[in-house]
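Two complexes come next, and they have one chain in common, chain A, joined by chain B in the first and chain C in the second.
On to the complex of A and B.
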């Protein structure tokens, strides 16, 4: 009795440890995921928050103004060092300055420091001393700030009008120009464009850096200006929202270390959609054949095992296959047959959207096959026999009973395929992703969807900005932001598919889930 | 050659009865069937009377379900099944060259052990077979669905919710729905494979009553492991053991006065 009691206690203790272990690993995994998301969110989204500009006095009497980026310890205990983003690359030769903490005597945040974003040389930081309007009128001191903001708003709307007009003029010129009736319209548009461009010229502003040097900036070079130290939280929030919106809606600038990622978002989503359209029918048909049609013998088992193993092949191998077969093989042949006028410059014989989608479709094919097959196997044979017993042929049984019930499983396969394909970068580098392809592969130009074009991809954009950009310090926040965006894009794609599946399983009853 | 004129092979079974070819709906002649190496049916020969209920009884694994499934060629799906012998439906060999298997299965309907309604509405379940055949106006189809549901004694319970999912019905209702679904395509023979084994007693009674009522319209073949059920609903009973037909006769006689010791042992529960 006593022995039995002791044993029970030991056993329950062991059970307790098991439960703790299991709960601990769940907690650890969750924590790791949360940490990942938190890092991406804070580093990525924090970048767009207007940071305060510090005015730093140094021992030797020098001054500098900039955004505090981070502080690191110096080797061998020689104190710490701070990195400031000081801008003014045209004055200093660099946008960044390292300062030993020990040499700093005072730090303040005067509200009149201006951060000016320019088309060339990046940011300028200093005090606005005067502004000369395009009309030649001069404004000094505080009124200059208001005048600058007014002019910047004006310039933004002018720029918008110009870009719209340019599209109208340039696009027809890319196509073989039809003579005649187009010409007068073009002439008028060109005149209007020249007018707009003239209206944007003129005027300049003087920005005095904290060390007293002066920067003369032509007004048409200025993009945006703000005084972060003087901004209220609400103003900062608006600036943050604008920054995020520009990141999402604009194309990249400065060798992918600045600007937005719109072409990359578009390329990623379009490529994944094309991939889904390509992979789902093939995968589903293959699964139907394997599970419903083929004789369940040794050969079928071998094929099934092979398919499952294909899911484990490293993705770069698929990239090599895509390059050899799709790009050089099929693409090269297509070029010889249909595009020999443009040879030797390739049309389809180089990486492009179609080949990338096909390669990823191949990569995710096993996922779709396995998921669909599992769904088919879950359908009870009684359902099949029930249909046959009512006089259905095998095809009718498949299309009217089995496939509707397996639809959620097919969508599960598609979800898994999307999740895998959207994050895949390695094979894309071989079959069509580009560092910079500002033209998205879908536009108003016949045939609208340009399958042969190279495209941008969020995953590759991260890789490129992090490692290949000139200015790593500038690119890092964008890398975090892009990574966060990639996670969100995959999440949205998955949620869409899950919503679709839920909708369908509602229609087909509980078992089909 | 009509079955009646063919010489009958010598049989070990004790047939208490034989039907004339005119009175029988199905005629099974020297039917053997094997799953790979396993012999499931051995040289069965019997006739099943038209517009009567015939029950197959016997211990588990005796081949009674296998025999039932041989009557509408459901074994065709299984590559491992090897069949010898013949099954005649109204004077036509069902394995013959000219027989369309889908048409055969329409004529010989089947209800399975577990209710297997499709994941669709009640209406769509009953209309499933009708839609396969096509060529029916919506009005005609509605009428047939109602007729089939009435024939399966389900109409009053579901007429208000024909668009509801069939899976929302109770087990007994589902089984009657499956019977209605089968009746809707107008079969001549209805095969029932332990149709009440998954149901509660009240649902079972309803199914049994339904079986008794349906025999005025079609031939029913019932497989059951429940001897009371066989005694309650069937007109004729065949006792199978180890894939052989042991005894076949009118239900009353077989249960009260079996001719063979093996039958007696089984029905009195001395052997399972």
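On to the complex of A and C.
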């Protein structure tokens, strides 16, 4: 036994430095991947956790209240400085304040500091001094906080009722009506709408910033209020869940630096679905043709290699092709034929959902062809010969024997195509993605699916908010969250593909034996 | 007889007709899809033609303007890409594609410089040293890494990594210096441990237990960097680089692009190289080990030479990806069309230029055709590289078959 130990130890010592450097490169790659995922998760999800609001006393007697964002060293070794998100943009002119650490005398977290989210000007931070109800009654001190919360809940339900009224009753009726027509139901709905609008008006609250200046905010401008320093962990968790939900379900606000990403999720999913509807049949047909129908000669081999290589052609080149052929070529011609009235403003002659899906379908076509062909090639020839020997025609052999066996391979190909398409941004920049598309391409208006409309995309949203936003600092947490969402979607899709491929190889491994 | 011969042959004819129709459909659909795919190259070539043939275009864009340097105002030789500027004093547009091609190749070179050692090291380790259980986990993980979208990597590189590296330049340098000795120190320390402990941390699991060690190295680099900066670089690495070496430093630079794109390219190189290494017939490696070679010697002398074409093709595929990657370069480089050797300065690649400028260039305009020429260059380059890699790989496969059956 001792002998065995010794020999093994000696052998591993003799492996030399190369083996250790090789091991180190595995560890380094894994570390980089883990660091990336951890960064996205922590920053992306952490943003929605209600951060404590610090009340900072400065040397010169000033005070400020805000959320501690980060601390960086000053150049030339002159100590460090902290960044606070102080809100109150209408008072200060900026949402951010840099403070040298050396000038801070005390930091406390008083529980009565209120963070108020407003419809304009972003957040306001301060103490709630008084509230005037819509009836004119004034409430001061602690009861004001309860009154504010009650009123905010009331406003939220009123807003919901108004939006529902507008979406479900008024808009569907307005569209088919010509000018001049009046429908009695519409009249009633409009009256109800005015009533709701009126019920939202009135009342205001007075928020005193920590430096003593007062902010008067009309109540209908306020969206949410919270006192993060006084919240229990459970309340914070609920607030966090609400924040995540709002991020997923709302549209972007303030030039993509706030709000949610719902239209981008919707656009991405819709575009990818259209793409897979386009790519799957053609990819499978091409694979069947190459593998089952075509004469297996030199030309077929050449075509097969070319298709494989086209998977390695940069995506931007597909984007150029999509712009030149689909948008300018086919789209321009369609406009001349059918949409002559609206020219020179293009209908199909500009980027849109249809062209983006087509371009991505072309981009992912090699993926589907290669995956399906692999599945088809794995099926032993005896299966085909057996079917033919029993008198089946080629169609019957394909549909009853070969294709059922190749289904997992086709699914794998489709999922890999979807995963690739969901993360691809460069070609979309040329063929139809938009910075901000207020109308989603699917609605209740005939023909329901608007293929010519531009759409929003998660990946492009990241690019745009990170590089072209006005206030990048404010946009960063949302960009992290969006990136996390995109990565999660793609990881789930890829894991499904890996699982399917595993399942496939198990099945055919057993079959070949 | 329930079926008379005439109905039987009628049904048979129906079945055959249906079969013929389906075959025709499959052929039409298949050929249609493939032709649409292959049309990409054709379309680009046809659209670019007028640049070289039409008389109106050749007046403004001569071959010289595209590829050769011109004398600048101060007499210095320069290449310029500025197709939208129409200066009355200049008779020829400033449309040299050379700085863009330079930026593309520079970015790809930095990416490969980082990706190749990492990917090949990782491939060698996981093909020959790693335990099977760990390998069945690590391989799919690194495959998943390949699927990370470029826009996310570009965002992290351009907006998180770039400012961080800019602030902690000395840390990065120290880390580079410490990395290799640090890993060797790990192996040295391990061999000093008693055998029982050595068995607890075997080389086959080193990919995992080196992770905390790497974090330690990172912390050490962070701690040591002020010393290095004070002793060698007179207190400030930034100023030292700018004053002593005369380098311009931008926050988003070629090195950041290289790091990010190296990270993005590494998994695909790894996957192909790993396949090539683990595809080498076992009999070869077993023979070498039976003759007393260590596993590293086996790798270096036997497996690596046998798999070298596969590794070459993996590197070529990686190069193809690095050249065509758009979003990472777009977000992590400054997009300034410069031609320098300085890794701390910005660059602008062909792909990023297309992504930025093509939506603004009107159809049929000169600018549009120039950008299409850039796309054609990318297409031809990647297609050729991939074809070459495919050819090398197919030869390798034949060689393995020969070697494997030779025993």
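Observations on the structure shown:
Assume the second predicted complex is superposed on the first by the 446 of 513 C-alpha atoms of A that agree within 3 Å, B and C clash if a C-alpha of one lies under 4 Å from a C-alpha of the other, contacts with A are read in each partner's own complex, and residues count from 1 in each chain.
We adopt the following convention: a residue touches a chain if its C-beta (ideal position, glycine included) is under 8 Å from a C-beta of that chain, and two chains touch if they have at least 3 such contacts.
No experiment lies behind these values; they were computed from the predicted model shown.
Contacts of A:380 after superposition on the shared chain: chain B is touched, whereas chain C is not. Of the two partner chains, neither chain B nor chain C is touched by A:88.
In the superposed model, A:286 lies in contact with chain C only, and not with chain B. In the overlay built on the shared chain, the residue A:229 is in contact with neither chain B nor chain C. After overlaying the two complexes on the shared chain, residue contacts for A:364 are found with neither chain B nor chain C. Of the two partners, chain B and chain C, it is C that touches more residues of chain A. Of the two partner chains placed around the shared chain by superposition, neither chain B nor chain C is touched by A:132. Contacts of A:393 after superposition on the shared chain: both chain B and chain C are touched. In the superposition on the C-alpha atoms of chain A, the part of chain A touched by chain B in one complex and by chain C in the other spans residues 393, 396. Taken in their complex, chain A has these residues touching chain C: 5-6, 8-9, 11-34, 36, 39-40, 72-73, 281-283, 285-290, 292-294, 303, 305-310, 312-321, 323-325, 328, 332, 351, 362, 365-366, 369, 393-396, 398, 419-420, 422-426, 429-430, 459-460, 462-463, 466-467, 472, 476, 479, 483, 486-487, 490-491, 494-495, 498.
The touching residues of chain C, counted against chain A in their complex, run 15-16, 18-19, 22-23, 25-27, 29-34, 36-40, 43-44, 47, 117-122, 124-126, 129-130, 138, 140-145, 147-156, 158-160, 167, 179-180, 183-184, 186-187, 191, 195, 198-199, 202-203, 206-208, 210-211, 213-215, 263, 266-267, 270, 294-297, 299-300, 317, 320-321, 323-327, 330-331, 351, 354-355, 358-359, 363, 371-372, 375, 378-379, 382-383, 385-387, 390.
Of all residues in chain B, only 72, 74, 77, 79, 102-103, 105-106, 109-110, 112, 114, 116-119, 128-129, 132-133, 165, 167, 178, 181-182, 185 touch chain A in the complex they form. On chain A, the positions that touch chain B within their shared complex are 295-296, 380, 382-393, 396, 400-401, 404-405, 508-512.
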